[in-house]
Every structure is written in structure tokens, then in C-alpha cells.
């Protein structure tokens, strides 16, 4: 079995291999035009697969690159994007582990299997982010939280797209009947399908939870505005009687009751406190604090 | 019929049984790597099933563990997680009740049946929680209610995932054709399917009701803010005429009307009360209280 | 043809009939454990059907009970819940109308048909409630309206569950091929299916309308809060210039302009009215009232 | 070919025709009980179709009536509701245009085709309404707009129900194999299907747009409340420093700074303007206006 | 192979071609009545296809026009709308590139392929718009942003409709079996399907993101209102103690404490500052700023 590793899709090596193994021009073109969907296609004497490894970019955002695999009876060709060290490392690791492997379908399964498992750390990280977002939405619903919710939503939407296509690919793999894939590999491909389906379940659950987080955010802000309004109203309640009464006694009008009395101040002050007290008691009865 | 109960998936006993009965390495691996999806797979001479018993953890949160079953002509192997007393109790109870049972498919059905029924108490508890949440959302929409709504949503989402997979498993069981499951068991498996489907219906209904609870919460908060605003405005309405008029008479300006009159205070007070009264009457006409 | 009416599922009569007609133990058990889903199952020599009559309980809430029917070549067995006068009345009415009917499939069709039609009054009542709720949500969005919306939603969710299962049952009836159902009944079962489907359409439409009612409620509350805020701001606009100017002239400071003038009060009053007027004019230009 | 037009479903003529052509009693009953779903059913020697012409009632609301068609080898029977001039006009127009038509399937196609096209004016009117609603929701979100949104939603929900059933009917027509429909009519029925599908697409698009309109309404109200709050706060900002300072100088306390100075008023007025100016500048920096 | 380009659907040339190649009258009619759905239909000896090129109109809005193609063994007929320079340019470009092409199916594939790719610039522009909208919704949620969100939603809804129909068309193309399409074209049609599916994925993702943008908008406005309320309350907090105390000392009542003291002003001022300070400290403890 020969394993051809290509890290520059534009290289002439790919053209030579295409001529040697009779690869379809459209498949070679797919390798050279990035941003394909994950898919599997049967060619003449080989199987063409596009996988979507994911990586976290420098800006913290999720990015999906392409990894193309041609699988024939006695050859595997992997075509990776030029500038993706993660994929190079993954391929290198598998190459080392399977140096003496004679069957191309086993190598192919190993690559697909490891790739599917490589989504897990990202999923765990997203899960953690959503946990934190829920707490923050409840306790401090700032615009930053809103922005993070939206960014996480964006990541989940993209990830879901990748996983849905990968699941279709894995489902196709379970049904495939080509001479260069041994029948005993089928349980292993079913296992791959199971893993992708579990990943997809996780993404769907996270999408649902994230939508809940946004609802919590909005409800939480509404609740806080309600609290602020209550504080404002309580403040007004404390101040208004005093203002009204002191305004009354501030008038340059004759005959203000008790104004000339030596206990005038005490009486007025008492009136203020009683009115404020009554208002506060009413608000307390209404369950405001 | 032999029933092998294993409570430590890492034990060598599982390896011996795998060798004896020809269990597929992937299935043994599934027993040892937890967090599988509920599923059913046909192996060579046996049926491999993963079930998901649920338990309420110490923190009040829902948790699903794994219970793996191998069913062959004359054997049943159950592999439970090490640290789950509930599953151990359930298996023990069935073991005692079916001590003299000679057919492995009956034992298998009993385990699946009891497991599906074990979801009911949790579902009832959730139903009760949602009932309470609705009342609380209407009467006291605090952040705690929001937090409980979210936690309940999380539980329902997870539970739904488990039940969807269990339903697929039960649907598969109805169609299965293997020599070691007697045809007369089919009505019983259809019954299991019915129970899972009913559980799933309940979860879907609860999800729908919970979404309604959140809507009620948000509307309730909006309503309360509206009430608070009205109180604030009514307070302002009562106070403002008095403040404006007393401010007017507090000016150090000559020629304030009626200021020198002996009935000045009465006239001014009357003006205050009339203006406030008119404003309150207008608000009442607008239907504010 | 014999029609066995049973109104106590626990009675020994059911056991005798089970022995006589060879009813499957699971079906007998279904009769005794309430809260089954509407379903149809083919037994050995008979058809087992679970229907879900609905009734409005004393608390005004919707409740579904069970009505089980066994249909064989020359017998019909109906098993009703013990404490449900409505079902007893319905069965009694049909029994009287079909006293001389010799064919069991006609009796069976009549029961299913009348049961499906018995949902209509409830649907009409719900439709009316939703009409009222819309008006109330627009005109007086009180917490009571919110509570009624939620209760109606709950009823619709349950009703939908019942009708979906009944529709599947009716679809199954159209395809069934058993010797004890004459082929000429098929158009009648298609008619039953049509009625269930129309009921289900109505429920879906009502769910959609109810969701709209909640949106109207929330928007209506937001709108009212907006109105209250405007009133508060307009009140402030009227009062503030007067307060500021009278405060200014209330100062114990020398040299207040025009304070000593005999027209002082008129000038100050004019200044107050002009400022307030200008502010009101600005608000009017902004389209506030 | 004979075309029987019936405008009174209760008439004895329908019974005579039923006897003559062997129409199934259930179909005759469907003609007499209104509010059927659009559907197509194969009878013995004829095809029974229920169509749903729509009309705009006097109250501006949408209403669907029934139009029943029996199609046989050499006859067409149309049964319209008694009190619907629009349907009578449509039938009359087609009757005139096809007076010499010898084939019943062509007449049948023409009726179905014209009926499907008769939905277009209503759809165009709805589209226009939604366009206006969007503008109004943005510019003047009054309760009237909310009420119109809800009424339009109701119309769309009903219309969608009618069109979904009509689409199923048209799909059924494409697959039908009866001797009295010539095979060369198939492209014409596919054309009818296309038109219904396009109508349904339009309705789905309008539902989506209308949901957007409601979101715009709610966001627009929230935005306006935000603006009102800002105006209130800016008003408070302008007035508060003046009130605080004039209150201070209004106190009957000895030793008020600069109170005795001849430039006292100017100093105090300056202090008021500077404080207000600083507050306004801060609000401007925060981007409030 | 002959390629007939028609840029005026009403021209007599189309009638002549219809007669020559036996085109179905309904297909000719489809060419002349615009606003068809994208579709593919098999005629006698030819394939009829409706494509939907998109263009950005002068008002910045999206518009879809019709492009009809008839494909036979040795002919291609393209019928474009009269007033669409973009489609004319596209056809012209392909005509030049494939001047010597002898096979009609290759020409047909090229047209379909280029048309599907012509959606990409519009999709990229929409993606950019949504990116900007998210930022604007967070930072300056004005009514303009709301209006743009709605317009973008409208475009996406229409675009989705076009793409769903085009995808069905492409799926149909993959399965088609007609003598005038060589079997070796199949991988190329699968490639077209892939491109349409990817475009559709992008639209679905953008719809999801846009819905998120609206949620962000609403949450952002709610948050801002909350901020404004806090500012208003803080302003009130600063002013109220001063107002109450100065009102108190402004009263024409005897015996005001410390009013006669030479340090009166200082004492009163101190009381004001301390009360305000305490209130601000309480608000700070509540986490308001």
C-alpha cells in the first residue's frame, strides 16, 4: 500500500497521481478549490472523501479547513491545505502509528475516526462557555455577554453544518459496497457514525441551551429595569411628602397653620415622617421590597 | 441460561466472557468508554444493547449512566457502571424475581421494560416543577424562578435526547429477527415501544409548557414594570400641582394674588387639591387604576 | 353479534371474555392501566383499539379518559372507565340506535365516528376563548389574561397529543386488512380520518393564533408602558419650568430681576407659561400626542 | 357531455343525480355538510373533488366556501354553496367559454385551474398589507397596527391550511389513473400543481415577513420607550442643578455665600448654567443625543 | 448543434422553434408568463428548464428574473427576459467560450453551472451586511438598523425560495435518464447540485445569524433603557437629599434647628452631602456603576 501525503494542493504531484490512478478532474478540482462541503463520492476505482478538520484560529474564532482523501485498493492519497499545522500533525501521527499497515481501508478508517474525535475538545470548550454564559446572563447581563452569546451561536451554527454533512458521509460509508473496503470494516464505520451522531446531538443540545441563555439575558435585563424603577419610585416616595409639605410652609402667605407655634418645626417634621411612612408601608404591602 | 452481572467494566471477567461468547471488540470497548448513546446492535450470535438509566444526583441535577446488555441464545451479560447503586438495585431485584427463568429473551425484556418505567418518577417530578414554575412566574417573577426554568429546560433537553435514542432502540427491537428472540415476545416489545413513546410525548409536552412559562415570566415582568411606572406617575401627579403652586407662592416677588388675604392659605390649599384631583380623575378616565 | 359493555375494568367479566375470545394479556392489562395513548393493535382474531374521549372537568380543565374496544367477527367489547358518565351516555345512545345491527364492524365504526365528532364542541369553545383573549390582550393586558392564555395553551397541547395519536389510528384503520372488517367500510373509515385531520388542523391553527395572542399581549404591555412614560414626561415638562423659575425667585438673594416691579408676578408667570408652552410644542412636534 | 350545475346542495336534483350516476352517500353528504377540507377521492366510476374558493366577506375578513365537483366519463356535476355569487359567476363564465367542449376532463381542468388562479388577487392584497404594516411598525407602532398584524396572521393561517390541502389535491391529480381523464391532460395538471405550489410559497414567505413585522413592532416600541426615557432624563438634567441651587439659596439660614453681594444673582445663575452645561456635556459624551 | 438565443419571449421566432421542435404549448406559455418557479420538466424529445438568475436592482433590492432553456439532442434554446443586461452578458460570454462545442448537453451544463455560481457575490455581500448589522445592533440600535435587518430578512427569504427550487431542479438533473444527456455528464451535474446545496446552507446559516441579530437588537435596547433608568435614578439620588433639606430650611416656620447659628450653612451643606453620599454608596453596593 502506498500513502501519498500532499500538503500543497497546487503541486504537480497531484496531477501525476491523478494521471496514474485515473482520478476524475472534478475531484482534483475540489482539492484545489477550498471550502468544499464534507462529502463522499465514488470514482472509477477509488473513493473520494472531503473531511472538514476544525481549528481555533488566532482570533479565538472557529475555522474549518479541507482534508481530501482518495482511497483505492492499494493507495491512499491525502491532500491537506498548505497552511494548517494541526492537520499536518494529525496525519503525521497516524502515519507513524500505522507505518506497517498493509491495508488501505484501515488507514482510511483511522484518519476518519481520529478526525471525528478531534471535534470533541472544541465541543467541551463550547459547553463550558455556555455554562458560564448562563451564570453571567443571570448575574451581570452586560453587552459583552450578549456579544459572546452571538459569537458562540455563530460557532455552533457553523459546527452544526459541518457535522450534518459529516454524518451524511458516515451514513454513506456504512452502506458502501466497493471491493477495496473489506466487509469486516463495517462495524468500525458504524462506530464512526455513532461518534458523529453523538457530536451532533451535543451541538443540538448546546444550541437549545444557548437559545435559553439569550432568553435568560432578556428576562434578566427586564427584571433589573423593574428593580431600578422600584428604587426610583421608593426614592420618590420618601422625598415627595417632605417636598410638598416644606413647599407649603415655604410660601409667603399669611396664616400657615402652626407656623407661629414654638413646636411648629416638630409638628411639620412629624407630618413629613408620617406621610412618608404611610406611603412606604403601602409599597411594602404591595410586595415591593 | 446464564446471567453474568458485571459491576466493574474494567474487570478481566468481561474479557473472558468476550472470548467465550465471541463479543466484538468494539462492543467491549463501548462498555468501557462511558457516555454511549442508547442503541442496539446485532453482533455475531448476540445482540448488544446500551440503555441509559437516569438518576438524580446529589446536586439535584439529572444524570444518565450506561447499562450495557449482551443477549445471546443462552446467556445475558449486564455491564453496569461501577458507582451506581440504583442500577445495581434494579438488576438485583429483577434477578431475584426471575431466578428460575430459563429463557434469556424474557430476562432481557424485563430489564428493558423496568428501565423504561424507571423514567416515570422523574417525569412526574418535572411535571410538578413546571406547574409550580408557572404560578411563580405569574406571582413572583424573581431571578431564582428564571434560574429554575433554565435548569429544568436543561434536564428536559437531556432527557429528550436519551428518550429519542431509546425510542429508536425500541422501534428496532420490534423489527428484529434473530433466532434467540422468540416471536411471541414481539407484542411485549411493542408494549415497551408504547411506553417509551408515551414518555417522549410527556417530555415534548413539558418542553412546550416550559417555553410557555418563560413567556409568562417575561410578560409578567413587563406587566409589573408597567405597574411600577403607573405608581410613579400617580405619585408625581399627586405631588406636582402642590409643588408648582407652593413654589409660586414661595417667590420673593411682590403682588402674589391673595397672598395678603386672611383666607390666603385656604385658597392656595384649595387650588392645590383641585388641580391634583383633576389630574387623578383624568388618569382614572384613562383606566390606570 | 354480541356487544359486551364493561364499565368497571377491574371486573371479572373482562377476564372471562379474555378467556373466551383469546384476548392478549397485554391488551387486558392496557384496559386496566389507564392513561394509554390512542392506538390500534391487531390481536389474534380481533382488533384492539384505545380511544381517548375528552371531557371538561369540574375545574374547567380538559381531561382525557380511556375507552378500549375489542372488535372481532361477531363481538364488540367496550371497556370504559368507571367514573365517566359522558362515555356511558355516548355508548348507551349508540347501543340504542344500533340495537338491531348484525355486523360488528358497523358498530365499531359508529363508536369511533361519534367519538371523533365529540371533540368538536370543545374545539369550538377553545376557538371562542382565543377570540376573546385577543381582544383582552389588546385592550386590558392583565395577569389574568396571561394566566388564561397559558391554561388554553396547556389544553391545546394535550388535545394535540390526543388527536395526533387518533389520526395515526385512523390512518391505520384505512389500511387494515382483517376478515372481520368488510371492504365496503373503507370509505367510512376514510371519512373518519378526514374528520380527525380537520380537527387536528383546527388545533394547529388555534396554537398558532394563541402564540400570536401572547405576542400581542407582550407588545401591548410594552406599548402601554411607553404611553405611561410619555404621560410622566409630559407632566414633568409642564411642571419643571414653573419649578425652576419659582425656585429662582424664591432665593434669598439680592437683585432678582423684576422682583421689585409691580408687574413682577405677571412677568414671572408669563415666563413660566412660555417655557412650558415651548417644551410642549417640541414634544408635539416629536409626535408624542 | 352533460354539465349539471347545482346551486342548492339541499335540492332533490342532487339525489336524482346520485341515483343516476351511483354517487357514494358519503360524497353526497359532504356536499351538504359545508366546511370540508379540499380533497380528492375516487368513487365508483367518478372522481369527487372538494375545492375551496375564497372570498373577502363584508367585514373585510377572509372566508372560504365549498365547491364540490363530480367528474365522470361523460358528466360533470358542480355543487356550489347557496349564497355565494362569486362562485356562481366563475362557473357561469367557464360554462359560457366551454359551451361546445365535448370532454368532461377538460371542463374539470378549467374549473380547477381558474379556481387556483382566483387566489392571486387576495395574495397580492395581503402582500401589500404586509408592506404597509412594516412601515407602520417602524414609524407609528400603535395598537391598531398590532390588531391588523394579528388579523393578517389569522388570514394567512387559514389560507395556508386551504392551500396545503389544495396542493395535496393537485399532487394526487398528477398521479391519478382513471379512464375518464385522458393522459394528455397530465402536463396541464402538473401546471395546476405548479401554480398552487407557487401560491403556497408566497403564503409561507408572507408568514415569515409578518413574523418579522411583529418583531419590528416590539423592537420599535422598546426603542421609543428608550427615547422617551432619555428625554425625561435630559429634562431632569437641565432642571435639577437649578432646583438644587435655588433651593439652597431659598433657605432661611444665615451666612449663605455671596447672598449679600450685589452680583449675587449673576453668580448663582452662572453656577446653575455651568452645572447644567457640564451634565449635558456628559450625556452627550455618552452618546445620548 | 444549434443554439437559439431569444431575448424577446413574445417574438415569433419562439413560435417557429416550438413548431419545428414540437415544444409543448404550456412550456411556451411559461416562457411568456414571467415569475415561474425554478423547475425542470421532461417534454417529448427535449428537456425544459426554468432558471432564476438574480440581480441587484437600482433600489438595492434583490430581484429574480427568468431564464428558460430547452435542451434537445442537437439544439439548445435559451429564452431570456427582454430587459436584463446581466443575463444577456452571461449568455454571450458562454456562447463565445463554447463556440466550437458540438454537444448540447455540455452547453446546457455550462449555463446551469455559471448561473448557480452567479449567486455567490450576492451571498458574500449579504454575509458582510449581517456582520455589520450585528455590530450596529450592539453599539447603536437605531430604527435604521431595524429597517435594514428586515430588508435583509426579506432578501434571504426570497433567495431561499429560489435556491430550494433550484436544488430540487439539480437533484432531478442527477437522476434524469434521457438520450440527449450523456451519462458522463452525471458527475458534473452532481457537482452543480453540490454548489446549490452549499449556497442553500449559506442562506440557512445567514437566516439563523440574522435572527440572532434581531435578538441582539432587542436585548441591546432593553439594556440601554436599563442604563438610562439608572442614570435617572442616580441623578435623583444626588438631588433629592439636597432638595428635601433645603426645602425644610426654606420653610417660614419658627425654630428651625441651627438656622440662627453662624455655622448654619456649613452644617446644612454637610447634612446634604452626607445623605447624598450615603445613598450613592448604597447604589454602588448594589452594583449600579
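The letters A, B, C, D and E name the chains in turn, as written, and every chain counts its residues from 1.
As a convention for this text, a residue touches a chain if its C-beta (ideal position, glycine included) is under 8 Å from a C-beta of that chain, and two chains touch if they have at least 3 such contacts.
Please read these numbers as outputs of a predicted model, since none were measured by experiment.
Trainee: Roughly how many whole angstrom separate the Cα centroids of chain B and chain C?
Mentor: 22
Trainee: Just how far, in Å, is the C-alpha centre of chain D from the one of chain B?
Mentor: 36
Trainee: If I count partner chains per residue in chain A, which residues reach a count of at least 2?
Mentor: Residues 218, 222, 225, 229, 232, 236, 243, 247, 250-252, 256 of chain A touch two or more partner chains.
Trainee: If every chain is a node and each touching pair gets an edge, what shape is that graph: line, ring, star, complete or other?
Mentor: Looks like a ring, each chain touching just two neighbours.
Trainee: Listed in ring order from chain B, and going the way that reaches chain C first, which chains are there?
Mentor: B, C, D, E, A
Trainee: Any idea which chain C residues touch chain D in the complex?
Mentor: So the residues of chain C in touch with chain D come to 134, 138, 187-188, 190-191, 194, 197-198, 201, 205, 208-209, 212-213, 215-216, 218-220, 222-223, 225-226, 229-230, 232-233, 236-237, 240, 243-244, 247-248, 250-257, 279, 283, 287-288.
Trainee: Spell out the residues on chain A that touch chain E in their complex, using ranges where they run on.
Mentor: 24, 26, 35-37, 39, 41, 140-143, 146-147, 150, 153-154, 157-158, 161, 214, 217-218, 221-222, 224-225, 228-229, 231-232, 235-236, 238-239, 242-243, 246-247, 249-252, 256, 258-266, 268-269
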